[in-house]
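Okay, got some structures for you below.
Both of the next two complexes hold subunit A, though its partner changes from subunit B to subunit C.
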Partner chain A sequence: MVVLILKLYVVLVVLIMGIYAVRHYLFTVNRLTGDQRLFYHDIVDDELPRVSVLIPMHNEERVARQSLESLLRCDYPRELLEIIPIDDHSDDGTGAILDEMAAEHPVIRPLHRHEGLRGKPAALNDALLVAAGEIIICFDADYLPGQGCLRDLSISFKDPEVGAVMGRVVPVNTRSNLLTRLLDLERSGGYQVDQQARHNLHLMPQYGGTVGGFRRDLALSFGGFDPRVLAEDTDLTYRLYIGGWKVAYANKVECYEEVPETWSVRSRQIRRWSRGHNYTMFKHIGALLRSRFLSRAEKLDGLLLLHIYLLPVFLFTGIIDSVALFFMGEMQILDSLLVFLFVATYSAFGNFAPFYQIATASLLDGVTHRIRLLPFLMFYFLLNIWTITTGFFQALTDRFMHRRAGWDKTSRFRREEPA
Partner chain B sequence: MSARRRIASLLVLASILIVAVAPAPAEAAETDGALTLDPSLQEIPPAAGGARPGAAALLLLVFALLIVLPFVPGLFEVYRPRDRYPLPIDTIYTKDPRFFGISARRLLAEALDVDGVAPGVHEATLSRPESIEVRDDHALPRGTGQEAVLVARGTLEIGAGAACSREVYVRGEAKVGEGAELRALSCEGDVELAARVMLRRWLDADGNVAAGPDCVLGNSVAAGGRLTLADGVAFSRLYGSPVVTAGGVPGGADAAEVEPERAPLYGDIDEIRTIEDLAHVFRGDTTVSPGESFRRPLVVKGDLVVAAGASLPYAARVYGDLRVERGATIHGDAFVEGDVYLDEGAAVRGNVFSQARIRLAPGARVGRPDARKSLIGKTGVELGAGVVVHGYILTDGRGRVSCAGSS
Partner chain C sequence: MKDHIYYHRAYKKLARIQRRPAALLFLLVVLLDGCIAYWHEPILARFVGVVAWILDWCGIPVTVTTWTFLPTWVTRMPVLDAAGGFPSHRFALTAFVVSVLIVAIMPRIRPLPKAIRVYVVFLALLNSVSAAFFVVAPHLFPYDVLDFSLLYMGTQFGMWLLLPVVMGVALAPLPAPTAEKFLVIVLTVCYAALFGAVRYASFLYLLDATTVLHMAAMFFALGPLIDFVYMVSIYAIYVNIVALRLGDRPEIWRWSF
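And now, the complex of A and B:
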């Protein structure tokens, strides 16, 4: 009986991996040959919404000034703009920098938080209560938005069905080391192919919590952000889709970010994402399937996206399972030519699906030499398998033990301005 | 040590390590009962002279090389990077329909003191080293070619069939003769294009622009004033205050210019749970009839018809096609996945954004005189006679004025 269960689990894992491989190919082929939908940033309109830009900052003295200076260079009409940097329990010079810049620029209205919960969801909740804009645009503290970024993001809310919008994140510190270059490749695949393909195919592009925005009234009507959730962006994405709104993806609205430069920082970041995303999965899976506003394709895509941080867990446990079966001498799982062909095909093509996606993204970006680094992503994926799996079990504990997750801030590495 | 040598040394070292560490197949079979050689392989007789251990080592070496091989190009990229910089982002980009003209004028002003130099040919660097011919009032004779960048400090007249292969800057007014070819034209006054003028790239004018029949308007034409298009004009991007097509605007009262009385948007909402609290959601095809009133935007999963004389006070999001019939008006924006048809005298006072084609029948209107709006049709835009668009028009497909075919 145990052997049978172990064998069935291996088959299940292979099937799941196959489904995700098909998904990768579908998106890649769409970006290479499919119909590409226009985004709204080409719209010229004199009537823009009032916008509040929120930037949560916890001990961000290394990056705070530069980020605010970038925002001050934006071409958005000043009478329709307020910038709210949130000093979230900082004990370095962040608060002083914000006050100093606010004294020079009335459009900057800092919010100092030294009581209550620390963390992005709680900080955003406090800021939502004081924000005057009907549209909220969020940036992380290390982001450097371009001059047209605010206009290009906010224009999408002219569409009454758009509840949130997401721009493209581009790593700025690619020159630092191999890890930053691998993260650059991963980001390219995720945005240039994955998000844009989902936009093209009327599926579920995701709001990513930064270089993006949402309608203030909607967030408030949802009761703000759940402070128990480490992935407040995914949480909002699903609440919007389940309620009938859409997330627009703006591939041409690009913004530099700083990615982790050490494997330990990256591990902590991805573990936090896994923990938050998987918590969201437990929270929304039922409502997603029941939603009367979503098409079947949207539900399927939403389901696959919701389980994306469960995939490494399946893979990890699947590997352990197959090793156990090997030592038990039970590797003869399914004796059929069809199964053999499926497994052989997956081995030949499926395993490489994410690599094709990333290579295609680099091709579309017009930067092809970096594709030579693709095989090194194998090491990165191995790291992900472990950290995401531990994050999943943390989420499991959070969910069923009603434990509140602590916020772990990503370290900054900034030494230079982007070229 | 050079990068190549370091990589080569690494490869050799890795291969040696793998060969040294890996157990021979026979040993593996002895130490691990689960690991056995394929019976068919076991039947292979040893090569003459006892070469089997050597063959195994060779196999392992090949195996090690195959493992390492995919990483070789990457190692070159790590040690001698050719592509390590961040993806370029144009951080100073902002959406401006007059971008081409403004940036070209700035380039010229930085390269040459146009007012300070004597008429004649000067060398300067714009985006690359160029010969710049500076004139006051100037006329380019019929059928001639202009190779240098041309700057006219007064007016400019380009004769029929003349060709300017570089940019043209004009301080005063510009007249371009029939069948002339232009690469790009920046003008501080009005511009008049005769019939069949071929514009390769862009045209920007502070004043009015009038394009004659069958002109081809390149990538972009932008006017600070009125942009008038005759029948048969082909275009990609247009900008004007407003853009109008020949045939005149039909007379009579214009419903589109009248702001409707409407309840404040979302004024009656206490709680938002789903999109249905903020919009009227229709799951199939829908027709809006005269007299129907809506207090919120519309989301229509099928086709939407705004019937003749009807009025929609807020925006519409349509998954199928949108038809605004004769004299009907949408007072908000229209976001449409399918085709858009505005019949005679129909109007959309907001933006019209379609992922497919847009066709405006005679007298149709988009936008308002007091606020620039956009008409964007991904695969094509067709404008009938007497059409008025206040602001910007864009298509990635075929843009054409078709007055004769309009009904």
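And now, the complex of A and C:
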């Protein structure tokens, strides 16, 4: 009986991986050869909405000034813009930098927080109360938006169905080392193919919490962000879709970010994402299936997206299962299945995107030699399995033991002024 | 002033996949798989013969045994059998202690990338479980070299059938001639055979030199997972070539629809 259960579990894991492999293949073919759905950036309108840009910052003295300078170079009308950098319990020079820049530029209105909960959702909640803009656009502290970024993002809200918008994230420190190059490949696959294909197919592109915006009144009507959630972006995405709103994806609105340069920092970042995303999964899965505003295709895509951080957990347990079967002497019958398990594993979750999706994205981006790094994603995949699995169990504990997750800030590596 | 301003990458795309070349590629893949399946006996015999020759050259005595699978279409599979070292209690205990020490120490070796540490810990964990097996109940260990050979050959053969399918599906949407794509698939299968032979010989050599205790670590860490590393490597090199070629042919790109 035990052996049968173990074998059935291997079959289940293989099936799940197969479903994701097919899903990502469809995305790849759609993005490479299908009709592309344009974003709203060709709309020319002088009635732009009032925008508040929120940038949560905790000990960001390395990057704060450059981010704000990039935002100041944006071509958005000054009378319709306010920039609210949120000094969230910083104990370095971040607060002083913000005050200094605010003194020079009245459009910058810093919010200093030294009481209450620390973390992005709590910081955003405080800022939402003081923000004057009808549209909120968020950036992480290390982001360097281009000149037209704010205008392009905010114009999408001319569509009354759009509740949130998401731009494309492009790493700026790609050449630092192997990890940053791999992360560049991952980002490319995730945005150039995955997000755009979901936008093309009227599925569920995701609001990613940065280089993106949402309607302020909508966020307030939800009661703000849940401070227990580490993935406030996924949380908002699902709240919006379940409530009948859409998320627009703007592939042309590119914004540079700094990706982690060490494996340990990346590991902590991805564990936090896993913890937050899986917590959101527990929170929204029922409502997603019951929502009367979503089509069947949207529900299916939403369900698969909601479980994306559960895949490594399935893989991890699948590998343990296979090892157990090996030592029980039951591997012989399962050898071909095991092969397929690994095929599907690598194809569907060599990363957050399978190898063919990343290669296609690189091709579209005009990248050439970096594509040869694809096999190195195996190391990344091993790291993902471990860190995401631990993040899942943390989320499980958070959800059912009512434990509050602490916010783990991503370390910055910036050394010089970007060109 | 520029003569041409090309499309922004945001909505760049290729023309729709043409049905005929795609169908031809899949037909060729099916034919290739069909050939491997139909001539599996001589192919496997040649493969095992090469591995036996390598091992003979290394001074490891092996015998060729033909296994008969009644319920499947793979009716006869030649595999290699060798003596293989059986671990003593002391060796198993030492292997267990060393593996547990690696599991304990590895996470603390910060200069090594975490991904490498995770991989080494995975290997050491497998080895420690295997060693514990030989410490506690050596007579219950379910594999000898012949069983391992069967598992390896079954996996290897499955891989030869799967690689063309996975490569075919991955290569199909790329803007390149069908014949060239098929050549890449054939090269991948040839490489798989070559790599598989060297790996099989290495496994049997190591099992003879170090005992069957390391069987699990060998299979899980260096088995089918590694096959996909070279498959993705070959795919990546080919896509790189296609990408460089497309750089000289900007007219191939379309925009939006």
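Quick note on the criterion: the second predicted complex is superposed on the first by the 394 of 419 C-alpha atoms of A that agree within 3 Å, B and C clash if a C-alpha of one lies under 4 Å from a C-alpha of the other, contacts with A are read in each partner's own complex, and residues count from 1 in each chain.
One rule holds in what follows: contacts are C-beta pairs under 8 Å (C-beta built on N, C-alpha and C of every residue); 3 or more make two chains touch, one makes a residue touch a chain.
Everything numeric here is computed off the predicted structure, so don't read it as measured data.
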Give one word, clash or fit, describing how subunit B and subunit C relate on subunit A after superposing.
-> clash
Touch check for A:144: first (subunit B), second (subunit C), both, or neither?
-> first
Which of subunit B and subunit C A:18 touches, first, second, both or neither | neither
Would you check which partner chain A:374 touches, where first means subunit B only, second means subunit C only, and both and neither mean what they say?
-> both
With the two structures laid over each other on chain A, which partner does A:359 touch: subunit B (first), subunit C (second), both, or neither?
-> second
Which holds for A:38: it touches subunit B only (first), subunit C only (second), both, or neither?
-> both
Kindly classify A:322 by the partners it touches after superposition: subunit B alone (first), subunit C alone (second), both, or neither?
-> second
Please indicate which partner A:224 is in contact with in the superposed arrangement: first for subunit B, second for subunit C, both, or neither.
-> neither
Which of the two partners, first being subunit B and second being subunit C, lies in contact with A:93: first, second, both, or neither?
-> neither
Taking 23-31, 95-103, 113-121 or 203-211 from subunit C, which overlaps subunit B after aligning chain A?
-> 203-211
So which bits of subunit A does subunit B touch that subunit C touches too?
-> 38, 254, 326-327, 329, 365, 367-369, 372-375
Footprint of subunit A on subunit B - complex, ascending | 34, 70-71, 73-74, 76-78, 81-87, 89-95, 97, 239, 266, 271-276, 278-279, 281, 297-299, 314-315, 317, 333, 335, 350-351, 353, 355, 371-374, 376, 378, 391-392, 394, 396
In their complex, what parts of subunit A are in touch with subunit B?
-> 37-38, 40-47, 70, 75, 144-148, 151-152, 158-161, 163, 170-175, 178, 181, 184, 188, 217-218, 221, 243-245, 254-256, 293, 326-327, 329, 365, 367-370, 372-376, 418-419
Which residues of subunit C touch subunit A in their complex?
-> 8-17, 110, 113-116, 118-119, 122, 126, 129-130, 133, 142-143, 147, 150-151, 154-155, 158-159, 162, 166, 169-170, 173-174, 216, 219-220, 224-225, 227-230, 232-233, 235-237, 239-240, 242-244, 246-247, 255-257
Please name which positions on subunit A make contact with subunit C in the complex.
-> 25, 28-29, 31-36, 38-39, 168, 179, 192, 196, 251-252, 254, 263-264, 266-267, 319, 322-323, 326-329, 331-332, 335-336, 338-340, 342-343, 346-347, 350, 355-356, 359-360, 362-369, 371-375, 377-380, 382-383, 385-386
